[in-house]
Structure formats: C-alpha cells, structure tokens
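You will see two complexes here that share subunit A, one where it goes with subunit B and one where it goes with subunit C.
On to the complex of A and B.
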C-alpha cells in the first residue's frame, strides 16, 4: 500500500477533479486540463484548502476541548446541547458572530482597524503551512522551517498594536502596549529555549528535529528548556496567567475592546490558532512529534495515519495542560511579568542552551546513555 | 507617556455595580483617583417616608442586593425602637441566623468576584456554587433568594419549615470543608501572594479618619465588631471570635473575610441548636394594629391617618458584611415614618479610595477594589 502523504492526497483529489472536468470537455481542452502543470497547480490549491480546513477544524475542536476541560475544572459541564456533547456549539457561536454587524468607532483609523485583525489571522494561519503533522504530511523539506514558523509567529504583537492603536480607545491602547512589551520580552527566552533544541538536534528543520528524537525525546535532557518554552509560550499566547493584555478586570477586553462581530471572531480564532501552534511546537520540539517511544508495542503505531493520530493526542494533551494552568492560576502583573521574563527566564534559557551544548559535546545523556549519532 | 484620565465605570468589569472610578494614570501607575457615585440612586430614604413601617422592608432588601437581610435587620431594629415594640427571643435568634447566613452568602459572593478580578477562573464558580447552597437555605424559609421581606416589626414573618435545621447543618458541614480549598487556591498560590501582599494598604488611623469600618478596619488590626462591642439581637448569647489581621493590605482583608466565614458557620450552628430546643412564638403578640394590616381599607384612609401612636426615635447599628451600617427612624405618631436615614459602610469605604489606591499599578485596581467589597446598592440607596 502506498503511504498516504499530504501531497499524494492533494494530487489524487486534483487529478480526480480534473478527470471529471476533462470527461465533459472536447478532446483539445481535455489535454490541457489533464496536463501535469494543471494537475500540479490545482493540487497546490487543494493542498492549501485541506490545510485551511484542517487547521480551522482543529482550532474549533480545540476551543471545544478547552470549554469542556474548563467546565470540568470548574465543577460544571461546559457546552452540552448543540451537537453531541456540545461539539457544534462553537460553530453556532461562529455563525452568530458572522451574522453580527461590525462597526468601527467613529474616531477609529479605518485602515488599521480592519488590517490588524485580518493580518493577525492570516499570519497565524500561515504557520500551518510549515508545520509537519506526520512523516510525509508537511509542505516540503524546508531546511529552516522552525525558524520560519517562529518568525511568522512573532509578527503578532505588531498587528495587535496596530489594531489597538487604531481603535482609538484608552483601554485598547494600554492593552496593545502591554501586549507588545510582553511578547517582545518573552520572544527572547522562547527563542533561546528553541536554540537548545536546535543545538541538540543539529537542525532547524522540524522534520529532522523529530527524527533526531528517535532514541529519546528531548524533554528529558532539555527539561529546563521545556519549562522555559512552555512558560514563554503561555505569554506569547496571552493565556492566563499571562493574559494581562486583555485582563478583563481592569482593561475591559484589552486590545480587542472595540471589536465585535467577525473581526472579533478573527482575533478569537487567531488566538486559538496560535495556541494550537504553541501546543504543536511543544510536541514537535520536546515530545517526539508523531513518533512513539520504542518500548510501545509496534501495533500501536503501524496502522495507517497512526502518526497523525498520536500527534493529535499529544497536541491536545499539551493544550489540556495549558487549560489546567488557566483554570488554577491568577493573572500576574505587567511589571512582575516583565521582571520574571528578563531576570529569570533568560538566564534559565541560556543555562539550558549550555546544557544542550554539554550533552552534544560528551554525546551522552545522564540517564538515557550514550548515543554515537547524536548531534550534527 | 503623558498622564491621562480613564473612566473605570460606570460600565466596567472592575466596578461590580454602577459606579465610576476616575483614574489619572501615568503609564501603568496610578497618580490620582476620584470615585464617582450616584448612578444607582433610587431615593430609598425618601420613598420610605411615604410607606408603612412594614412596607419599608421591601426597600431594605434592595438597598444591598447581596446582603438584604443585614439591611432588613438594621431597619427593623431602629423601627422597633421608634415604635416601642419588643420582639420575642425566638425572633431574635431567627434574625441572627438570617444575618449570619447572609454574611456567608455575601462573603462567598465577594470571594467569587474578588478571585475573578485576579483572573482566577475556577474559584469564581466554586464560590458561586457554594453561595447557591446558602441561597437555597434562605429560599427554604423565606421563599426568596435575594429579596426576602422576612423580618417584620415585632418579629419575623414566619417560623422555620420542618426539617430546616438539619438541612442547614448539612450545608454548613459542606461549607466548612470548602473553606480549606479556597485557601489552597489563593493563599497557596505564589502568584496570588505576589498580587495581593502589601497592596492597597490602609492603616488603622487612616481607616478611622475616613470612617472605614468592617473587614477593612479589622484587617488593619483594630478590634471593632458591633456584634461584640454593641451586641444586638442574640449576639451577646453566642460564642464567636472577632476576625483580625494586621497586614492592612489585600491579603489581610482576604484573611479577615475567610475567618469571618468560619465564625459565621460557628454562629449559625449555635443558633440552630438553640432553635431546635426553644420552640415559641416568632412574632410579638402586642403590635400596633395597623402594623398587621398595612393597607388602609378603601374609603377609610382618613381613619388610619388620624390614629395617634406614642412618638419615638429609633437608632440602630448593625455589623453588615461590608461594615457598620446605621439607621435612624423618626416616628411622629403617624403610620409612616417621618424620616428614615441610613449610613452605608461602603460609602465611607470607597470614599477613602485615594488613600489606598494612589501609588499602585493600574493592574492593582481590581484586586484592591475587590478587597473593599463594593455594593453600590447601599452606597447610592
């Protein structure tokens, strides 16, 4: 059986669609339609559509997962009534937002007001074009895919600040300022923690990083980096305890105070897209991606699409951890957040880079033993 | 960044009611604050002058919507003094129990709102869930969850339904197990301590100068509790301790309110035991006739107005969940009170906002104001 990959699926769909189209066309047109270029062109479009649908669907599922988990943490049940176990509740909410009228404040800057959320959404979606989901399920071998993903990921404060400033609202402005300060402060430890992974894996390619975890997952030797990465990721995702840019107690809704309807939905979706990206990155960098440890029976990972399944399980588990944190911690204050970021996280991240370098140098991991092929 | 004024309110998640905190900020620092009230003024004192004594009770429930019983009790004590009526002992115990159940409900409401302001999501629902059990109890014997209209001049409207004391004990057992969990979620959290320790400090002398009372005053180490200092109802026959802390900050106020919850549970347990052992009338047998039938028969309005009754003045003060509330009722012999005047503790507590807010961060406003426990209904009346 040929292994299913994202491209083979996209090509099959494109070929099938064009075959249907070609069967009703005259012979001359049929040759053009069925030519390799046409199929490739449509396959790329199908590929993008599949990615878009999959990432959106997962985002909505993620919101459902959070609502259910939060509900249980809070001694209630979460969404219950729309669809089985409330699975369709978020679609209903999205539909409601879609029907709502969006009206910018009179004094708002029209261009920035619409540009901010749109660009925020688009960049958050773009990251999914880069992330590999399973072996063969990625957009191609990008040697710097990790770097590219994090670069796009770090665009966000710019767009948040644009939309906050153009809203012409004091709360939005304060939220935007906080958001910019926070994201820039936590970008540094985030990237340093990633550097530790890169040092150990010897590559910026996410697929290679997952492949390098075939002997042991990186969370063991890089536990410190994992902690720094998760904490910095919480700050980047603006979730409790680091959700002060939209601290509803003092800033109403922070930078999205003035947004309603679909533009608000864009922010909401993009937030969860980023949360999904964060969870996926944790899985890819520290938890072995779509692989299972060698002691797990082979039957659990040999059936078709097993990689994707395990990848999803891990991603949702990591996000469940984020939800748990959200359910049990209060929000920190801006100055405390920044102090922790600059004074604690960055030294810890640097330390984890040194640890990774040490592991690569001696080619041994304390508990897991020595591996000859380790590192670049 | 240059300084600017922002309006936190009247529609703002921090306010928990309709009021406006104007804040002058410099970046994230608070330079000045200016509390603005009056958005919820309903003229309760003036309306009271046009109502029969028992009809005013309806308004009292709406004075503070989370502590209706305390305000009913406050008014009833003043009205009874003005009308020379003495309630039976059982009614006093019933009122004490109502007061303390109300204090538990109010403090749980405060807990829920306060942790929500800090961004703690789950304890908000824990607090509301447990408050609901207390509201169920209140509904059990008054029929209402918020606006009870249970107390009457000369007693209470009705006695307890059968089996109430056992149901109440069950709820109290559940509650006293929960307080430990609340503390674990708050005091056990390093972030909570970071957000609350040393914040919103209001020392005892400043508190006294501004007329601040209640948990805010006790959190500054001043032992003042009207239930001990000027006992009313059955408090002089019950055992309890005054909750005290000495930090004068947000954490101290948290500690005081948590201790008060425990003490209230203790008081209600004693009252329930007493009520089980001492059946009896719950309303005085000698009442002014028009108190029993507040509405004048049509065509006979003049008849009621002409009745004269011994004049009197009533003054009462009650330890409300938010602080010391006072009432002044003047009876000039008619069937309406001539003048009714209240003193709201929260009014004084938020008037001192400049004392405990200036110099902190904007992000500190929700926890500090949350620790004040604002109830706008009684501020504006």
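On to the complex of A and C.
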C-alpha cells in the first residue's frame, strides 16, 4: 500500500477535478486539461489550499482550546453557548470582525498601515508550508527547513514595527519599539537552544530531526534547552508573562491600538498562528514529532493517520502548557524581561549547546541510549 | 536593587519558587474545577431550582454561600388589583418617583379606580411602597428577570403587575407591617369651607360631610359661608393615607391625637 502523503492526496484531488472538467470539454481542450503539467499545477494549488485551511482551522481551534483551558484555570467554563461546548464561538467572532469597517487614523501611512498586518499574517502562514506534520505530510524534503522556518518566524518584529510606525500613534510606536526590543532579545537564546538540537541531530531538516529522535526524544538530554526554548518562544509569541508590548490590562493593546475589524483579526490570528508554530516546533524539536516511544504498543501508532493524530495531541498539550503559564504568572517588567533574556537565557542556552556537544562526543546517554545516526 | 520598596518578594527566597508556586496553585485550581467549575450556568441552571440544588448537594431552603433566592429578596412587584383601594400611598412613599397611579377599569365614573404603574427603569427596589400599602395588595416578589430590549417595556402597567401576582411564583412576598399611625385626621372647624374635596378623594370613603348649624362668621370674613357642612372621619375605616390633608384647599385638616 502506497503511503498516504499530503501531496498524493492533493494530486488525486486535482486529477479528479480536472477529470470532471475534461469530461464536459471538447476533445482538443480535454487533452490540454488532462496533461501532466496542468494536473501538477493544480495539485500545487490544492496543496496550498489544504495547508491554508488546515492552519486556519487549527488556529481557531487553538483559540477555543485556550479559552476553555483558561476558563478551568479560573474556575469558570469559557465559551459554551455557540456550537457544541462553544466550538463555533470563534467562528462567530471572526465573522463579526470580518463585517466591520477598518478606519485608518488620519495622517496614517496607508501603505504601511495595510502592509504591516497583511505581511505579518502572510509570513506566519508561510511557516506552515515548511513544517512537517507527519511522515510524508510535508512539502518535500527541505535540507534547511528548520532554519527557513525560524527565519520567517523572526520577520515579525519588522512588520510589527512597520504597522506601529505607520499608525501615527505614540502608544502604537512605543508598543512597537518594546515589541521589537523583546523579540530581538529573545531571538538569540531561541536560536542557541535550537543549535543544541541541531548539534545532537546533525541536521537542519525537521524531518531528519524527528527521525533522529527514534531512540529517545531530545527533551531528556536537552532539558535545559527545552526550558530556554519554551521561555524564549513565550517571549516571541508575546504571551503572558512576556506580553508587555500588548499588556492588555494596562496599555491600550500596544502596537495594534489603531487597528480594528479585519486588520485586527489578522493580528489576532497571526498571534495564534505563531503560537501554533511555537507549539509545533517544541513538539518537532524536543518531543519526537509524530513518533511514539518504542515501549508504546504498536497498535496505537499503526493505524492510518496515527502520526497526525499524535502530532496534534502533542501540539495541543504543549499549547496547554503555555496556557498554564499564562494562568499562573504575572507580567514581568521591561527591565526584568531584557535582563532575563540577555543575562540568564543566553548562558543557559550556551550551556545546553555544550551539553549537546558532550552527548555527541560520548555518543551515548547512560539511560536513554545512543544517538542513532552516529550510533555505536 | 530594582525591587526596592516592594514588600511583596522576600529577598532570601529562591526565585524558582516565584514560578513554581503560582503554577502549582493554578494546577490545583484546574484539577478542582475540571469536573465542575463553581460558575452556575445561569439560563440553564437556577439557584432556586430544586433540581439544581440537589445536583450540587444542598437541601432546599438551606442557603449555600451562593444560596437560593432569599425570602426577603426584593424583585418585581405583584399587585392584586381587586383589593387595591387606590389610596396613592405607594406613589407617595416612592423615593424614586417611579410609581404613577393610572386608571384601571372597575371604578365608577365619580371615583375612578387608580392602581400603581411602576417604571423599573427608575425603581431602586427599596420596598417602601409595599410597606406603605395598607391593604397588602402591592408586594415585592422574588422574580428577578426583567431584561428587555426596549425601555418602554420596563414600565409595568397594573395589569402586568397583576399577572405577576397571578403567576403565584415560588416566592415569599415580604412586607413589614408598619405600626398603624395612632394619629387621626382632625379638623380645624373655623377654617373649613365645606368644599367636599376630602370626601371626594378619600380612597376608603370614610369621610362623610355632615350638616352643621350655620356657623358664626369668621373674623374678617367678607362673604358669609354658603355650605354648612363639615367632614367627619370614620376612624376605623381610615387607612391614614393623608389624601384628604393634601387635597384640602384651606389646610384645615391635620394629624393629631384623637380626643
């Protein structure tokens, strides 16, 4: 049985669609429509559409998941009226925002005002073209996919700053400055923590990194890097306790003060898209991606699409951790944030790089086992 | 030190605790409310609903911290139009001026029956009106659901208040029995002109105009008095509403101890 991959599914959908179209066309046109190039071209589009739909659906589900979890942390229920257990509440909210008019402030820079949120949204979506979901469910083998994902991920401060600057509002500008400072401060420990993983896995390819975790997941030997990565990711996602640029309790929404309607929805969705990307990266880099440990019964991972199921379970569990942190910790001050970023996170990340190098040198971890590709 | 002046953090404490302790607290709360959060899903669950109370394990009548509707809860009024005597005392006592006496069918043309119409946009639910009601026909109930999309629907006509009364809602109307006013309506005879206003407006019709012998002319009186009548109050029927005092054009009626 051929393995079901995302591209094969998209190819079959495209061929089916073109087959329906070809059956109603004259013979000359049919040959063009059913040619390999046309099917391949449409398959790419279908592929992109499936990715887009999946990422948006998961983003909205993620918001629901956060609302429900946060409700339980606060001894209440969260959304529960629209749809079963409030599942459709966020769709209703999105529809409301979609129908609203966006007013740019007077003397705002129109190009930057509209370009900022759009680019923020588009770059956040673009990462989903890179992340593998399961074996075969990715957009082909990219040797540097991890690097590419993190590069696109780090575009965000630029677009936030552009939209904050062009809002022509001093609060937006200050929020944008804080956001940029924060993201740059936490970019370094984030990448250093990733370096530890890369050293251990010996590859920048996310699929290979997951494959290298077949003996043991990397969170064991790289627990320090996991902590640094999660903390830095929280800062990158601007979630509590690192949400000072937004600071909904005391500032006026920070850099998206002047945005309303669909542009605000873009920021909101992109924030949660980035939260989803963060959770997925934690799962891919440290929690073995779509694989299960070898002591788990094979029946749990052998049914069709099991990889995607376990991947989603892990992703939502990691996001649950983020929600737990949000429900527990108060917001830090700017000076604390920057001091922790530069003074604590970077040494810890460097230490974890050394640890990873040590593991590679001795090739085996006492309890867990050996690095597969360098295996003894 | 950046944190100087803040007494909230102890310097000798391990900073790891600042993270782990709140997270443990949140986790404890999470597990506690995982099965059933404390919130009451209001439109679907009601505190006064016996089924809900048995579900959360509280016998009916026993107040739980967020207990049932208490007996002395002051909600929407209930009005029994049949026993209302149109005495106006509720409107007099209302501190928010939200009660207006409106005509309802059932009175005779000379004495139209007037019952309270309550504007809940203004009402502060103090309950003075039901305390003042001499007949006990206007009471506060435990009904609390008043929300409406229109302001005009906040004004409850006597008929609507009558419907609340007829619903016989599971609620205990409370009313403080005010001690009856010991004073009676007294008359200062030389001032009375016999105009009949008090007798006309008395809600219980306990005032009758009795014929009197021709009185002596008052000092400085230009025209002699033409109506030789004076009000007599039937003290046992009087509800002490004071309507007669307020309508008297000559201010010759007043409160006083009966002789």
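The criterion applied here is as follows: the second predicted complex is superposed on the first by the 364 of 376 C-alpha atoms of A that agree within 3 Å, B and C clash if a C-alpha of one lies under 4 Å from a C-alpha of the other, contacts with A are read in each partner's own complex, and residues count from 1 in each chain.
Definition applied: contacts are C-beta pairs under 8 Å (C-beta built on N, C-alpha and C of every residue); 3 or more make two chains touch, one makes a residue touch a chain.
Everything numeric in this text was worked out from a predicted model, so none of it was measured.
Of the two partner chains, subunit B is the only one touched by A:252; subunit C is not. By the touch criterion stated above, A:76 is placed in contact with subunit B and with subunit C alike.
Looking at the shared chain after the overlay, A:214 reaches neither subunit B nor subunit C.
Once the two complexes are overlaid on the shared chain, A:174 sits against subunit B while remaining clear of subunit C. When subunit B and subunit C are set side by side, the one touching more residues of subunit A is B. Within the superposed three-chain model, A:332 lies in touch with subunit B and out of touch with subunit C [touch as defined at top].
Looking at the shared chain after the overlay, A:96 reaches neither subunit B nor subunit C. By the touch criterion defined above, A:324 reaches subunit C but does not reach subunit B.
When the two complexes are superposed on chain A, the residues of subunit A that touch both subunit B and subunit C are 73-76, 327-330, 333, 335-336. Residues 70, 73-76, 170-171, 174, 240-241, 243-244, 247-250, 252, 326-336 of subunit A touch subunit B in their complex. Across the complex, subunit A is touched by residues 4, 6, 8, 12-14, 28, 115-122, 124-126, 129, 185, 189, 191-192, 194-195, 361-366 of subunit B. Contact residues of subunit A toward subunit C in the complex are 69, 71-77, 80, 324-325, 327-330, 333, 335-336.
On the subunit C side of its complex with subunit A, the touching residues are 2, 19, 22-23, 25-27, 29-30, 32-34, 37-39, 41.
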